[in-house]
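One structure follows; several queries about it will come next.
Going in written order, the chains are labelled A, B, C and D, and every chain counts its residues from 1.
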């Protein structure tokens, strides 16, 4: 098995792991982590497409590489927005949970006295 | 020589893995932050060894970037955790 | 070959194990630190795929800046680790989800195994037209020349993300500065680190941007390193986060996409196509655009990490 | 000549690996966070330094060699300051609790 195929298999496993975390982990921050994990798994699968496209003296096809670079930056932007949303939720409710029943409880001062 | 470089990279990665098993689990946040430090040094070392062995070019810049950012996890932790933990701030309100 | 194969298998196992930790770790903070470790390991994998440009991006953005963002959030949300308040899935639905995810992973693995050894490739075309761009790094050529439109839109996405983050501020804070309202004492060790790191990092960032024309590197990576340096200087409280209403800040945020778009329109007028570069003048044009992109990225990423405004604007 | 270089690399990198192993052993054996921090940040930085030393004669150019030295210096700085920061956090927590 080539190292590219191996990396692709890891990518496939990462997608599975990330998807599980995204669905099964209740905390929003953990969901963001899981989503990033899933994304990087997809990037890796795309990366082996690049590696298998090695030609013309290049060790990997530059087009998928450039798209992965773009993807990493966009994933960061999305994560930053998601984190800002979670922190805002925490400020308003004193909780960082997606369970609306918990929001009705009074904030327990975790955010300080803002 | 290539085999030697790869083998040493493997051994270093293995020690990193063993160390991670110990410290990612805690008990405290300090131990966990050490994991970031451990993978910083060990990861950079094996990165350089692998790059020289496989002839990948321009890897020094990757290692340089990682080295620049090596302390960022600890810095971010101290920066965010300090106000909640420092006794004077907690009692002042 | 066999040593290399053993190393690859070991690395693959390690990446998988750390990824599993970030999903199944008992606490959010432990999981987040795991994610930082995972990001660094991923750049090793990218090196093994000979995608050094991607490895550099992953190192700077995927692991470094994202790490600051997530660790900061995890440390702040520490008080909200609400065990028992969450609606957890029942055992049966957990099992169903697990089965679904294993199936998805297996399907993807099957696709990976079915890929031909020599896949279709745009590498020959990329290399063929490389002399016309005056660049030596085909990845940079794809980003700024062949698929320039993608990259320009991606810059727009970054600006939109900043707008999204800022709009989460309370009304009275609109236009103010992000960061805690109370001035905290600077941590002396952090200040020391920032004072030494920042000048070196700025040098490295500009270097990475500059060599990106011909070697692994480029505007994203260089800009991300510069961004990290601003972040560490702000974390050390050597400088305040700027007010979000500051004109120079907003100008710097949009400079990259605006210059890029202007260059695209100029190409339509002078070079016979949207985002076409005039022959013989391509490299200076590309470096000009990239310089503004570096500026925008170096300003955008810290603003995304800093979060929405939390202080009332000063006059 | 290349034999001498190879020998130098093998000795230096081998010594580097030894320190990585030593650091991990310290991580496993030491009882509290502060001494683990000590073992980790000292031994691993020395290990990386020796690996860098062993790779120096193999670098492609003077700039690449300079970068290698810079990498080590930066990791040294990061290790030292991170140890300080984390160590202080540990102590603060210890007194506050």
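The definition used in the following text is that a contact is a pair of C-beta atoms (placed from the backbone, for glycine too) under 8 Å apart; a residue touches a chain by one contact, two chains touch by 3 or more.
What you see is a predicted model, and the numbers here were worked out from it, not measured in a lab.
Looking at which two chains touch through the most C-beta pairs, you get A-C. In terms of the distance between Cα centroids, subunit A is separated most widely from D. Subunit A and subunit B, compared by their mean Cα positions, are separated by 20 Å.
In whole angstrom, the spacing between the mean C-alpha positions of subunit C and subunit D is 27.
Rounded to whole angstrom units, the spacing between the C-alpha centres of subunit B and subunit D is 11. Residues of subunit A in contact with at least two other chains: 59.
The multi-chain contact residues of subunit C, meaning those touching 2 or more other chains, are 4, 48, 50, 65, 73, 76, 79, 187, 190, 193, 197, 200. The set of subunit B residues touching two or more other chains comprises 16, 29, 33, 40, 56-57, 61, 64, 68, 71, 73, 75, 77-78, 81, 83-84.
Subunit B makes touch with subunit D in their complex at residues 1, 4-5, 8, 11-12, 15-16, 18-19, 22-23, 28-31, 33-34, 37-38, 40-42, 44-45, 48-49, 52, 57, 60-61, 63-64, 67-68, 70-71, 73-75, 77-78, 81, 85-87.
If you check the complex, the residues on subunit C that touch subunit B are 3-4, 6-7, 10-11, 14, 17-18, 21, 25, 29-30, 33-34, 36-37, 40-41, 43-44, 47-48, 50, 52, 55-56, 59-60, 63-65, 67-68, 71-73, 75-76, 78-79, 180, 182, 184, 187, 190, 193, 197, 200-201, 204, 207-208, 211, 215-217, 221, 225, 228-229, 231-232, 235-236.
By the touch rule above, subunit C contacts subunit D in their complex via residues 187, 189-190, 192-193, 196-197, 200.
By the touch criterion given at the top, residues 6, 9-10, 13-14, 16-17, 20-21, 23-24, 27-28, 33, 36-37, 40-41, 44-45, 47-48, 51-52, 55, 58-60, 64, 67-68, 70-72, 74-75, 77-79, 81-83, 85-90, 92-93, 95-96 of subunit D touch subunit B in their complex.
Taken in their complex, subunit C has these residues touching subunit A: 4-5, 8-9, 12, 15-16, 19-20, 22-23, 28, 31-32, 35, 38, 42, 45-46, 48-51, 53-54, 57-58, 61-62, 65-66, 69-70, 73-74, 76-77, 79-82, 85-89, 94, 97-98, 100-102, 104-106, 108-109, 111-113, 115-124, 126-128, 138-139, 141-143, 146-147, 150-151, 154, 157-158, 160-161, 164-165, 168, 181, 218, 220, 297, 301, 304-305, 307-308.
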